[in-house]
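Shared chain: subunit A. Partners: subunit B in the first complex, subunit C in the second.
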Partner chain A sequence: MDGQAILLRLTSTFGPGIVETHDHHGDPTAVVERSAILEAFRFCRDDPDLRFNVLMDLTAVDYLKYPEREFGPRFEVVYHLYSLPHNHRLRLKVRVEEDDARAPSAVGLWPIANWFEREVWDMFGIRFDGHPDLRRLLMYEEFQGHPLRKDYPVTKRQPLIGPNN
Partner chain B sequence: MGLGGFFTGKLDEAIGWARKYSIFQYPFVTACCGMEYMATACSHYDVDRFGAGLPRFSPRQADVLFVVGTISHKLAPVLKRVYDQMCEPKWVVAFGVCTCTGGFYDNYATVMGIDTIIPVDVYIPGCPPRPESVIDGLMKLQEKIAAGAQRY
Partner chain C sequence: MAKRTRREIYLGEGSGTGSGSQHLYVNMGPSHPAMHGVIRILAELDGETVVNADVEIGYLHRAFEKECEAGPYNNAIPYTDRLNYVSPLINNFGYASCVEKLLGIDVTERCKYVRVIMSEISRVSDHLTCIGASAMELGAFTVFLYMIKAREYLWELVEDVTGARLTISYARVGGVKADLPDAFGVKVRKAFKETRQVLEEVGKLLTGNRIFMDRMVGVGALSREDTIAYAITGPLLRAAGVSYDVRRAQPYWAYDHVEFEIPTGRNGDNYDRYLVRMAEMEQSMRIVEQALDALPGGPINVDWAGRAIDPASYVDLGKQGKTEGLLLIPITLSPNLAGIERPLHRALNVPDKRVVLPPKENTYGSIEGLMNHFMLIMDGYGIRPPKGEAYFAVEGANGELGFYIVSDGTDRPYRVRCRPPCFPPMAALPRMIEGEMVADIVPTFGSINMIAGELDR
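Showing the complex of A and B:
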């Protein structure tokens, strides 16, 4: 299926659960409501026409002070899906607010999401409800804060040993 | 030495001479500098000419700690521990600009030079350093070893 057809299938199935879509250069993207995202995942994975059996990537974006998005939800969690049987791709996004920075976990659908979600929690401080073991992945447990948030000072270091330079 | 002559020289010099040609190194390789380290160690550049061709993968058997590649704050305690496990006399080579100063990683994750954690004898800058630089650094280390100089 081409991008337009995939997006059409999603919007016709989920209606208001899909906030917006675009298909820039054949790169289909859908922004999904947080309440609908798990159902959308399951549909994308199991629908015989879609069959997105691979979660290629799961990451997040911090839109703090981003032009024209100052008042919108601060974070976006981004999911890149790929279908081996159909050789097509889809990007799904979920917007989350700063004071309610959580999203449903995709571990039950794609086990690879386990470490991806741990990384997003580590770097951005977004929690994933239903994750079996949400610990930091890259930084050490003593680390305070989430370094890829835009308001984390660029050169702020928290060494385990040695000087704080 | 003629008849009735005798060997003069200092024992230290003899030991230094022996040590500088039997460098057992512990490669602490973490990043892209490792490629250049391998290039230097292999036959084309051949560090075996300098008696440094035998890496020991246990710090307890090593004389020289080669720190090759970026050291993050998470890894710093490990590096310190490896250094502490080495028997004296021991030397440390900072291989590449990341180990010398942190390089361009001026951020939350990276140690700004391993000399903030352990003493360093020879700095080899470069990103990564060419094998010629590495051999130059190795020869400088040999001079230092022969002179009996250590920083630990």
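Showing the complex of A and C:
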């Protein structure tokens, strides 16, 4: 299926659950309502025409300083799906507000989501509901803040940790 | 496992204390030779069997993604060298191609072939390192020395082309830094001849070796379903019998013009991973040989009637505005430009003034070239892709290496995400080693080919 057909299938199935779609640079993309995202994953994975069986990547983007997006939902959680049987790709996105920075966890569908979501929590401070073990992944436990947020200065120092002599 | 990582680990805690036997917690790494100094595995043991394991990463985190946001697009290229430091060229090209996708430009034919050639040489050196190091960790030190010897031949080629062995920074958005050196094809064939000899020797040493097979066959196996569910790509997925390769599934650059096979395994264990890597090296060398034969000349337009003049007077004429015909004269301003003189520059780089720096002859010889140069170098004026987002995947040595870039229309990337190919296998490592012996951790970890530079970024 080409990108347009995939997006059409999604919009016809989920209707208002799909906020918007685009096909820029040949990457079909759909922004999905947070409440519908798990259902959309399950549909994408199990529908015989889609069969997106690989969660290729999961990351997030902080739109705090993006032109014309300053007031909108601050974060987008971005999922890149790939279908081995059909050799096509799809990008799904979920928008989350800063004061309610949480999204449903995809660990139940793809075990790799465990580490990807831990990294997103670590870097962006977005919580994943239903995640079995949401710890920091790349940073250490005592690290303060979430470094890939746009309001985290690139030069910021962290307090030294370790035993006090 | 959350509580256990915080728990103090005492040798001696475990069996013998109290009634009955207890599990023993053993900490492997980060200061452990087989963990490369950057991974910590906390294993819960029942006797010598691993019951449970937790993997801790992040010891080599260098804020790659954050640093990329801090500078113009081309500034990220040296950072990408340090992602997979065994095959840095593939990261370089992958990042550059993602920005090109955002810009909507297509590189020249010659550049595509150069990228294919250099990527495949890198892939061979990556597999050589992986097999050599993991064999060494099993005690086969000879193999390590042989493989590093072969890698040396290939790194000499890389050095010939890029001027560096590891931190190569060879790609540019819209092209590459410089052309291949003279008689490169001859050197490649000589190096490949030596490499093939080494591979044959190593094959004889390892492939049927009783000790090696005892340690590898059936160890660290992951079923096909699990491999897919963990989003594992590359040699590990192919060892499980799925012939997915980005070069074939979604051909980029010139991969649809070369013939190659995708070796696959059946059992998904360490031994199949070894066999897949060995077979892939031969295929990569095949690709390089075909690409060298097909390397197109590119649109080199030179007015050979123009006389050569010495660089000083060339620059003088340019300053005086006497640029008529000057841009057509082939001239070598400096020996440091080797490989990137004007005719070669045209063959390798996109003719797009918004993206590619002009050849140095133009920068020093005409006001237009100078202005173009500054427009790309000045803060706030560099490469400015339109607003949007793009994901571009290449086949790295460990699997799908993806870059996801979000542009806000300025000269700095708003967000750069690297999908590291050895991240998913590391996430699945506990699954691979649970139920196996402590000694099996080492070959399984070796077969993943963990590269901390891309894992931790």
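Note that the second predicted complex is superposed on the first by the 157 of 165 C-alpha atoms of A that agree within 3 Å, B and C clash if a C-alpha of one lies under 4 Å from a C-alpha of the other, contacts with A are read in each partner's own complex, and residues count from 1 in each chain.
Criterion: a residue touches a chain if its C-beta (ideal position, glycine included) is under 8 Å from a C-beta of that chain, and two chains touch if they have at least 3 such contacts.
What you see is a predicted model; the values in this text were computed from it and never measured.
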item	value
Contacts of A:Pro147 with subunit B and subunit C, given as first, second, both or neither	both
Partner chain(s) touched by A:Asn114 [first = subunit B, second = subunit C, both, neither]	second
Touched partner set for A:Phe71, first subunit B, second subunit C, both or neither	neither
Which of subunit B and subunit C A:Gly162 touches, first, second, both or neither	first
More subunit A residues in contact [subunit B versus subunit C]	C
On subunit A, the residue positions that both subunit B and subunit C contact, one per complex	138-140, 147, 152, 154
Contact set on subunit A toward subunit B in their complex	138-140, 147, 152, 154-163, 165
Subunit C - residues contacting subunit A, complex	1-2, 57-58, 61, 63, 65-67, 69-70, 101-102, 104, 226, 228-231, 242, 244, 249-250, 387-391, 393, 400, 402, 404, 406, 408-409, 414-415, 417, 419, 423-424, 426-428, 431, 456-457
Footprint of subunit C on subunit A - complex, ascending	24-25, 27, 29, 53-57, 59, 61-62, 65-67, 78, 80, 84, 87, 89, 91, 110-112, 114-115, 123, 133, 135-140, 147-148, 152, 154
Residue numbers on subunit B that touch subunit A, as the complex places them	73-74, 76-77, 80, 106-109, 111-112, 116-117
